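Take a look at the structures below.
Both complexes below contain subunit A, partnered by subunit B and then by subunit C.
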Partner chain A sequence: MKQAILGIILYGILCIPPLTNYMESIMIVHMLIQLPLLILVGWLIGKPILRKFQHFFANWNTNGVPGIILFIFITMYWMLPRAIDEAVSEWYIELFKFIGLPIIGLCIRDSWSKIQTLGRSFIFLNYLPMFGLMAWLYIDSPIQICNNYLESQQKVLGWGFLVITIWMVLYVIQAVFTDQSDHNTKKSTGT
Partner chain B sequence: MKRNWRNLTATILTVILGCVLFYVGTDGFRAYTAESARTYKLLKEKPEFPNVTLEDSKGRVYSFSELKGKNIMLTFIYTACSDVCPKLEMNLAEVYQQIPATYIGKDLLFLSISFDPARDDVETLEKYRKAFGSDGDTWRMARIADQNELNELLEEFGVIVIPDGEGGFTHNSAFYLVNKKGYLEEVMDFTKIDEAVNTVINLLENEVEE
Partner chain C sequence: MNTTINNKEITSNNGLIATYLIVGGVIIGIMMIFGILMLLAQGGVLDFSPAAFYQFLTIHGTGMVGAAALAAAGVMWYFLSHYVELSKKVFKINLLLSIIGVVMVIIGVFSFKYASAWTFLYPLPALSGGAWGTTGALLYLIGMLILGVGFLLLYIDTGRAIIKKHGSLGKGLGWDVISGKRAEKDAPSPTVVASTMVTIVNTTALTAGAIVLIMNIINVINPAFTFDPLLAKNLTFAFGHIFANSIIYMGVIVVYEILPRYTNRPWKSNRPFLIAWTMSTAFTLVIYTHHMLMDSVMPKWMLIMGQVLSYANGLPVLVVTAYGALMIVYKSGIKWDMASGLAFMSMFGWVVGVVPAIVDATIVVNHVMHNTKWVPGHFHMYMGLGAAVMLFSFIYYLSKVDSDLKPNGLDKFGFVIYALGMISVSVGFLISGALSTPRRWATHFPEWMAPAVFGAIGGVLAVLALTIFIIHFIRYVQVRGKTGSDMNEKKLA
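Then we have the complex of A and B:
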């Protein structure tokens, strides 16, 4: 319950108009702080909701795949340069942002525990090149991609994506090369 | 087993929903940036050019409707701009030179509109005009002195102007062609000069045939 309250408070804070405007005026804050925080809101609020509607989620999201698909589509949508641009200039895209992202936060909470290791790896490795591509797009672009943001801000965002990508690569490397015999003792018996 | 059909339905539904989201969100996979969406929307709607009052580099004041009956090749600029506008105007000059002289002035006018009326007064525009070799008649440089009229026009054409924090502005640029009836006909990439020239010549030739 604590988590849910925290989530509601966070959502309330994110909805304060001056703060919303401020966050959206800086491209990197909009994209890499506001959007993930909205997903986090859904994840936090998700706990009691998932418990209350346990039956529904067990029926409709049995193996976690529908939730993950929704998550992937909506996050990919927010990677379109157009989406964050329009969130600033069109009210209905903004509304979609504030509703859609918490929903997928909830979905990922339900789905992540249900999908298998292979599925998780697939998702992780799916986002890695995507973020890399975004980094390259924003750093290397000679033109202003978003009408509401300056080229210099675009570059900052690109570097932000690059940092995330590098961090993800490091994570993969440590996951591959560190001793994980605790997790899969059976596999390590083979030479 | 019963559970599985629900899960399967949900899977299929989310995939469909996702595709719909992308289809709608990109105007049917046509526009991935707000700028391409703007161009696409403009070309679909072809709005009428608002009847603004122009003040040109020769100090003449007239309303846009007085230019009706001629095609008008437009750009939006401000003279203090140091990056994209000179490029835009240089390319426009290039287009101007490549269009057969028989059309110019008779069927086609060039017009550069400043969206910085505070700084771009008649003298400044006159200086800018000379810098790009425009004659001030078949290629005019003008400002819209009335801020309300200017805002309405920028809004209608989806030109977004943002201050860059260093006393300048950043804005989305293109060549616009307004037809003889005063409606938007084409939005062209200002970096592709030859393409723009061809588009304009085609349009002019078609008109002659009609």
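Then we have the complex of A and C:
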């Protein structure tokens, strides 16, 4: 319950108009801080919702794949420059952002525990080149992509994506080269 | 450490393995025919349009690497499944996605005239000068992406299984044995070591490939989005070089598994062997820059690294494997047959085929030779006489242990004409290179034509031999499970 309250508080803070406006005025903050925080809101408030609608999620997200697909589609949409541009200009896209992202936060919480190691690795290794590509696109684009953000802001966002990509690469390297034997043993014995 | 998985389970997978090999083998055969057509056109024997030539060039390069990688993945999966628990479902998905990808590439090339060569070098897919349109480029690029997704899934699964069994990919490479924490007798088998290496390098290659493919797709859809061409070229070769190179590292598992069975001598993963594989893992990831030695805008240190590490990359594994193969066979009383003979021939192809590559990786030589047919001379020998022969060796091995089918005189004839054919193809290219014949040119001056025709004749011999090999394998598939399927993994010596 503590998590859910934290999630509601975080959502409330993110909805404060001056803060929303400020976050959306800086491209990197909009894309790489506000959007992930909205997903985090869904993840935090997810526990009691998932418990309450256990039957629904067991029926509609049995193996976690539908939830993951929804998560991928919506996050991919929000990686498009046009999406964040429209969120600033159009109220209904902004509304979609504030509703859609917490929902996929909920989905990822339900799905992540259901999909196997293979599925998790596949998702992770798909986001890795996707972020690498976004870094390249935003850093290298010779034109201003968004109406609301300057070219210089695009480049800063690109470097942000690059930092995330490097972090993801380092994470993969440590995950596959550190000994997982103990982890596997604990898992199989249920401890 | 080297626990063997249930034999019955392995035998039940043989049908799927055979499908991988047949799909791979048939595509390789068709690609060989395109190769012959191109050589005949260059030799002045056939006359077709340059546009058709470049379509053939595109499908030949892409299809050969894709099909050989598919068949090699089947071989790797077969032997690796003896040691770790792999997912059959993922193996099937990879086959399905590969077929979908190949079909898309074929439609893109032949129905929509896409002809950028396998390199799809940015910004060529979008700037064809009217030779092809958006649809062809998208079919090709998305087809490649789908192929990549299948292989990525496969390598995630092999990585997962190796980590589950051995604890980490480092342990899969035997780092704990190298550091002395574990005894050599407990080292992972050569198959696990090679599979770990391939898992690491190919996951990296596919990730790089995904970035550059999607980037090209964006550029094709909206050419206003432009990118740094040098970075695009780096990523393209990081993908293409590693992925193509990994075929031989998957194929060599055949040598590690078959020769010990024939000689009754184990192939041990000792410390030098493990160090060699670790070195090749690291170097394979970074030596792609030897494809870019003519790009003067590349940082100098990367080019020097490309030269030095290219020397260092091939040799460790090659030396331990070639030396190991000689030692394991020496005075062993081995009974030579198609499988063991082909396995041994593949070592010859690998050793000899790497020499022109090392020559070309030298910067001063590269500036003269890299855009000549010297380079196809290298990789036709390396792949055609090395990697592909490992796959054919496996074909005969599997049919021997999983049925009562015996190779006949025709198969032996196939062995001889394949060796002669591929040597002729490779030597034809190398001589062309020595004559400064440019590569990837649809038409040749008369002075350049003779080696091309010679190579084409060699190619015909190779196609005949491959047909014989495939017929043998199809005969095996027909009798599989009816005669002698219980002989799986019987003693061969």
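Note that the second predicted complex is superposed on the first by the 182 of 191 C-alpha atoms of A that agree within 3 Å, B and C clash if a C-alpha of one lies under 4 Å from a C-alpha of the other, contacts with A are read in each partner's own complex, and residues count from 1 in each chain.
As a working rule, a residue touches a chain if its C-beta (ideal position, glycine included) is under 8 Å from a C-beta of that chain, and two chains touch if they have at least 3 such contacts.
Everything numeric here is computed off the predicted structure, so don't read it as measured data.
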Do subunit B and subunit C fit side by side on subunit A in the superposed arrangement, or is it a clash? fit
Any idea whether subunit B or subunit C touches more of subunit A? B
Given the touch rule stated above, what does A:125 touch, subunit B (first), subunit C (second), both, or neither? second
First (subunit B), second (subunit C), both or neither touched by A:177: second
Output check: A:141 vs subunit B and subunit C. Expected answer is one of first, second, both, neither. What do you get? second
Of the partners subunit B and subunit C, which touch A:150 in the superposed model: first, second, both, neither? first
To the nearest 10 degrees, what angle do the lines from the C-alpha centre of subunit A to those of subunit B and subunit C enclose? 90
Given the touch rule stated above, what does A:65 touch, subunit B (first), subunit C (second), both, or neither? first
Identify the partner contact of A:117: answer first if only subunit B is touched, second if only subunit C is, both if each is, neither if none is. second
Determine, under the contact definition given at the top, whether A:38 touches first (subunit B), second (subunit C), both, or neither. neither
Enter the shortest inter-chain Cα distance between subunit B and subunit C once the structures share a common frame, rounded to whole Å. 9
Quick check on the complex: what are the subunit C residues that touch subunit A? 87, 90, 152-153, 156-157, 159-160, 163-164, 166-171, 200, 203, 207-208, 210-211, 214-215, 218, 224-228, 231
Residues of subunit A defined as touching subunit B within the complex: 58-63, 65-67, 69-70, 72-74, 76-77, 80-83, 85-86, 89, 144-151
Residues of subunit B defined as touching subunit A within the complex: 3-4, 6-7, 9-11, 13-15, 17-18, 21-22, 25-26, 31-38, 160, 162, 164-165, 170, 172
Inside the complex, what are the residues of subunit A that reach subunit C? 117-118, 121-122, 125-126, 128-130, 132-133, 136-137, 140-143, 176-181, 184
